[in-house]
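Paired with chain B in one complex and with chain C in the other, chain A is shared by the two complexes that follow.
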Partner chain A sequence: MKLTQTLLAGSALALVAGAATAQDLTLVSWGGAYQTSQQKAYVEPYLENNPGASVTWDESSAEAVAKLRAMNEAGNVTWDLVDVVASDAIRLCDEGLAMEYDPEELLAEGDDGTSAEDDFGDLIVSDCFIPQIVYSTTFGYRTDMVPEGVDAPTDVCAVFDLETYPGKRSLEKRPINNMEWALYCDGVAKDEIYDVLATPEGQDQALAKLDTIKDDVIWWSAGADTPQLLADGEVFMGSTYNGRLFSVIVEQDQPVGMLWDMQVFDLDGWIIPAGLSDEKLAEVEEFVKFATDTQRLADQAAYISYGPARLSSAPLVGQHADLGIEMAPHMPTDPENAKNTLLYNYEFWADYRDDIDAKFQAWLAQ
Partner chain B sequence: MALTIAKPTSAVFAAGVAALFGAFFGIFVGTASGSTLLGLVGGAVVIFALSWAAATFLREQEKPARWGFVVLFVAGGFLFSGVPGLVLGLIFGTFFGWLTFYVASGRYRTGLPPYSTPRQVLWHFAFRTIAGMILVFLITPILVVMPLSFNAEDFFTFTPEMLSFDPAGYSLKHYRDFFTSSDWQGALWNSVRIAPVATILAVGFGTLAAIGLSQPHVPFRQAIMAILISPMIVPLIISAAGMYFFYSRIGLQGTYLGVVLAHAALGIPFVIITVTATLVGFDRSLTRAAANMGADPITTFFRVQMPLILPGVISGGLFAFITSFDEVVVVLFVGSAGQKTLPWQMFIGLREQISPTILAVATILVIISIALLTTVELLRRRSERLRGMSPS
Partner chain C sequence: MSDTTQNGPMLAADGTPLKRSLARALRRQKLRALLLVAPLLIFVLVTFIAPIADMLFRSVENQIVSDTLPSTTEVLADWEHSTGESPPEPVYEALYYDLFLAAEAKEHTKLGTRLNYEYTGVSSLFRSTGRGLDDLGDDYLDALEEVDDRWGDGDFWYTLMSGSGEADEDLMRAHVKRLRQLTGDALPGKVGFAPSTEIVALLPKTTAAYADFAAYTALVDGDVVAEEDPWESVYVGLMTDLQGADVASYSGPEAEALQAAAEAAADIEYIPLKTFFGDEDEDWLNADIWATVQTYSTKYTSGYFLNAVDLQLTPDGIEARPENQRIYIMLFKRTMFMSLAITFSCIALGYPVAWLLANLPASKANLLMILVLLPFWTSLLVRTSAWKVMLQQQGVINDVLVWLGLVADGNRLVMINNQFGTIVAMTHILLPFMILPLYSVMQGIPPSYLRAAKSLGATNWTAFWRVYFPQSVPGIGAGSILVFILAIGYYITPEIVGGTTGTFISNRIAYHISSSLNWGLGAALGAILLAVVLLLYWAYDRIVGIDNVKLG
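Our next item is the complex of A and B:
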């Protein structure tokens, strides 16, 4: 009798303890305004619905691939859900570090009843990738540094036009996007860019074009760099993520203009690390289903100017949470902004990244 | 000391010396406004002309001439770039007025022996100038951060409002952000929870190790010492990666205890080094005398040895504390998101969001560090005083 009681009490305790630990989710994201938008749009409502749960953030998305590899090697994966860009998701999926999932089972249907698979459409670029937002890399320029008698730039090739628009530019310290812009402005037709870039001559052509502005380029590596350089007046124009520029222009009220021409679309979303315990997995799945539903993704757009990855969320995008301005015109996907765009070519860069990276770095060091 | 009589020097010499400094500061003014070379040449020429005129025509009217310098520079600075120029002009005017007459009157030689050769005089002042410049070089980056932390904008930028000393350009919002944001407060709390415990462990183990290693009969003393201070020598990233895999296997990775132990390991070498250094001056006959009077080793340690080596223990402990409090590499590996410390949070903040909140935190940390170092210095002085009073 006594033994049974002890056993019962023991297992009850174990259950309580198990439940208590399982309720804590470790989410990995990017920090800054983006993480705040996730916190407000879906983590806070989720915690309200699940009073026992808690969420710990780890701002390690920038090193997600390396860290997940190390965790896997050490046999100690401490992350539950990781926010990564699509290209990293593809790599993690190929290496077996991310879990493959079935969209129909894991993700909620759209508000309008479309199946999850159709609602996200092509944006599910990998079997492991759960899309959240569409963002773009594009240019901002100092409106007060446009030379007198010249119109503000509306064409991405202004970046390469030092005569009309003198001044420093800030570009990301990697070949992706820069090579495409260089070829486009060197007269290569948009739909031939990747064919040209696949050849060594094409790569040299792109680098030669970049060479014409090399002396006037400040290279950035963190998303916060270009906004800082623009606010300082250190550079006349610079590339960065459109949400950062939105923050500089609208929230910080700096004299900066947006150049949407030839913006490069990219995707950001969740991956579930492979090898979670069943209990943990059930909880993560519950969170993901909630966090990627139509309303939550639309809500996120009230905090940051990134487009929701679901088609059904687009009509629900409303106003900025604090400023009360309409967010739709600030979305990269707004028809007015998306007249001339490029989509990050995941396949091309998966195949050519190492080669072109080496070439680019060698060129940088010259 | 005033054995040397001040002998007035030629106006050209005084103006030449002033022009050297003029050229040097001209570089900065010139670079800031677009042309380094122009600044260098312009600074030299303008200062030479002014100093020469002052030393030639106003040699006897030193006071009014120096005021003239100040007024001229302030007015020039104000015309050139408004209020910030005015402040700079005040500094430069005072400096160059003083310099011109310091050299022209020959007063600069009064501090030196009368037989010094010109070369010795030159070296005397060059040495001081170089030392001063090194000090400026070391301290400027820290000082620049402080006014920026009161920036009213969310960037690392001296806004025009700040430069013209407009109160609207300043704000305490980054300090408010630090004290109200749960991220920063959580990080501060973690640091406060980790650093003292790591310090106590480091001080305990480090002191014991130092005392043990100072006994002449311990075998392999050098080798053991080398191993114990290796965390200080091995690149941090190597220790961190090693700890990561080791701690993962034994279940310490991502735990509070793991971070505390890792930081203690980093702090131990500092304690060993400082305690060993104080033990060198420790008179062993004191412990024998204590034993002779019937004290057991523990009593001897706490009543005789510990009070004498306390300054070494405390300064070692402070270094261990600052190491843990400032450390970012190891905690990134060994800790998990639940152990986010202040430096970790600053690292994230710097990479993802260049926000002046980091500068506010940096300012607070600088003040804490100054307070800690002042404590060490006061303790050291106290112990020196006590030693001076002791009969040995």
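Our next item is the complex of A and C:
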């Protein structure tokens, strides 16, 4: 096996060596509107300041952990900076595939003078994770499909209330978030959800609650599914990322409403792959310092409705770049929206993901 | 049949035996043929066979446990899990030093992830304990520094550990080898340190911990051992050794400092490592976790394959998985059934089209051929998404049915996100693979045969069924094999239109490769799928005969 790896790595290196230039950064992101927001908010200004530099995008964030692991085994990591969700950053850090960094050294101070460590606060959930945005997974519903004489849903448990709100729902085809909502709506107190979910009885309880709506659920696996299903009128309500719902509601003007109750906060940010050459690392560090400073993170919010990860960026969030509307009320972190929220429990899911997923998949297939 | 009139073997013109001469000529020919195909052969080997073999090998590979915790698994082998009691102190001692080195090399979380597949919660157990390992040694260091502040000094330690007299090179070699196994790197270079045999005999745990530190500092960090302050694990080793060592008779370098420390050690509170781990996380005292480590400490494991068929490897042997976690057998069966259904619907739909193609005049046949090939020029994702638009409840077909009044508006048909949707979409996508071999076989069937059958009094049906159809069977065989094998490994279409009842085993494989990162289980599922396909191919060969398959 070693021989083939060496051969493969050798030939790949020979190919790459010819193409790579000194100032070319390969950034990995999600594609779509999110990548555009990164391009506009920090890559374009960065390139303006550094005329010699160039940036290549690779839209592989969804499979970043698997790909990075494979690249590492072949001994040829071709990525310089990778955008991943926090749970993936923790896994990459656990596997030694991402570089640990010192926030004080790598990241810029806040524009109000607070140190980077305080400015990002506890959003640095792993020693390798450089936070960019706070996003949430929450529900959207068709305003024109709310039955007559009934108020529009304001409570997440409307998802489980087929009598008041008939119609299909779309939920993500994985246990994470769904199990929490199910327990919450089955009467479990919010701060006890994970204690309950850690027990087999609690897992059964959550699945039993999901069972009550199982026949009316379309399960999604891509973030674009729910917006599409809502736009087509295939479902009455569905969960997805708040930025996707923003674009359905505000940019595409569909009859869809936001249900912020019990939105689940999650983080997205950069990791630097382990084992970059010193020269490359210096470039990457220069870019990261620029791309995560107060102004740049605030700028990003003009293109997409995700909250900047820095405290000092919040007051600088302005208007949407094209539509000219105030972005602050559309942020998941806006006090009006964040009355009742849940934070993705990374530690819990790192432990229980395999176990609960097996049960969840078996339940789905029944 | 020997020729009795001739004594020697037959000779060629140049005097060598004819047999040898012929063999040589044939060998040269074979070699030349081999050289001609060599580029392709090497290409296939390097880019196709080797990666697949490498991937499949992961389904049994399990070195990570014994590479990361070599001493622990060795000591643990004597422990009896069925007593239900946690292992004795020596296991925790071995664990401390193994885990300390692994945490320095950032390998312990990998092991946590691996064991978490078998026992939920091990992942965070390893991660959190890895963070707390330093504290114990730091406390000891503070106490020792009160006696003599050189205890925190790298140079002092280097002198003490090097000792005098004969150096124990074997010990050092063993630790370097072990570090290589742990990191998986070649780690060239020299450590520049070896403890004396005398000090090894006196302070075995301390020297072992120091040797780990020295190997790591020199080979991984590339630093000079004497200039670096030792790891916290070295102080833990020293305190453990001082509980029983007779240092009074030692006369090597820094003997006085050692004796002073031994005297002071009586007043420093010594915490047994079992207590330390229990304080870090009480799960360390859980016998079930240790039983899992013991069960999975072998270099190769059947665990992944057992998981792939809804069984599990437990300390007490092989057991069935709990009912609410069994999915794989069901998914294998479903994949088989649906692939067969898709193959048959491809035959049913493709046969008439191929017949038309083969029997129409060339100008019309060409147009039809373009229609058959058209889907090949469209993206797979576009075709699959188009079926979504067609089949969904607010989709084209339902809209038409409602408009015609055949279906009530409130009762629209569910045609997608289930098996039906998957079969329809995949039949459409795989149809050309059935039509093309059928067409090329049918083109080779002379139309005169049908006319001859009819002129001899056969009805249309008899002529088709007795004369035409048997000759087209090789095309059906080729098409079926193509469609079935493509279908059984299909992934993206079932993912998009399959919902929960229409997904295949390949969707689970993809999940384990790219999401859960349980590559071992993914590889085991893939290996089983490959074996099933080969088995079916073999059965097909026995029943129908592979010679009867024609692609043209």
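In the analysis below, the second predicted complex is superposed on the first by the 346 of 366 C-alpha atoms of A that agree within 3 Å, B and C clash if a C-alpha of one lies under 4 Å from a C-alpha of the other, contacts with A are read in each partner's own complex, and residues count from 1 in each chain.
The criterion applied here is as follows: a contact is a pair of C-beta atoms (placed from the backbone, for glycine too) under 8 Å apart; a residue touches a chain by one contact, two chains touch by 3 or more.
In this text the structure is predicted, and so the values were computed from the model without any measurement.
K.L.:
Fit or clash for chain B plus chain C once both are placed on chain A?
P.N.:
clash
K.L.:
Based on the superposed arrangement, let me know which partner A:338 touches: chain B (first), chain C (second), both, or neither?
P.N.:
Touch status of A:338: no partner.
K.L.:
Touching A:232, do we find chain B (first), chain C (second), both, or neither?
P.N.:
both
K.L.:
Could you tell me if A:213 is touching chain B, chain C, both of them or neither one (first, second, both, neither)?
P.N.:
Neither partner.
K.L.:
Using the touch definition from the top, say if A:78 reaches chain B (first), chain C (second), both or neither.
P.N.:
In the superposition, A:78 touches chain B alone.
K.L.:
Would you sort A:47 into first (chain B), second (chain C), both or neither based on which partner it touches?
P.N.:
neither
K.L.:
Touch check for A:108: first (chain B), second (chain C), both, or neither?
P.N.:
Neither partner.
K.L.:
For A:56 in the superposed arrangement: first (chain B), second (chain C), both or neither?
P.N.:
First partner only.
K.L.:
A:65 contacts which: chain B (first), chain C (second), both, neither?
P.N.:
second
K.L.:
Tell me which partner touches more residues of chain A in the superposed arrangement, chain B or chain C.
P.N.:
Looking at chain B versus chain C, the one contacting more residues of chain A is C.
K.L.:
Contacts for A:358 in the overlay, against chain B (first) and chain C (second): which applies, first, second, both or neither?
P.N.:
The answer is second: A:358 touches chain C but not chain B.
K.L.:
Which region of chain C runs into chain B, 169-177, 403-411 or 511-519, after the two models are superposed?
P.N.:
403-411
K.L.:
Quick check on the output: what are the common chain A residues between the chain B footprint and the chain C footprint?
P.N.:
Touching chain B in the first complex and chain C in the second, residues 62, 232 of chain A appear in both lists.
K.L.:
Can you check the complex and tell me which residues of chain A touch chain C?
P.N.:
Counting only chain A, the residues touching chain C are 1, 4-5, 7-8, 62-63, 65-66, 69, 91, 93-96, 168, 173, 204, 218-219, 221, 232-234, 347, 350-355, 357-359, 361-365.
K.L.:
Enumerate the contact residues on chain C facing chain A in the complex.
P.N.:
Of all residues in chain C, those touching chain A are 46-47, 50-51, 53-54, 57, 106-107, 109-110, 112-113, 116-117, 120-124, 127, 324-327, 330-331, 392-395, 417, 495, 499-501, 508, 513-518.
K.L.:
Quick check: in the complex, which residue numbers of chain B touch chain A?
P.N.:
Chain B reaches chain A through residues 153-157, 244-245, 248-249, 253-254, 336-338, 348-349, 351-354.
K.L.:
So in the complex, the part of chain A that touches chain B is made up of which residues?
P.N.:
26, 30-33, 56-59, 62, 70-71, 73-76, 78, 222-225, 227-228, 231-232, 252
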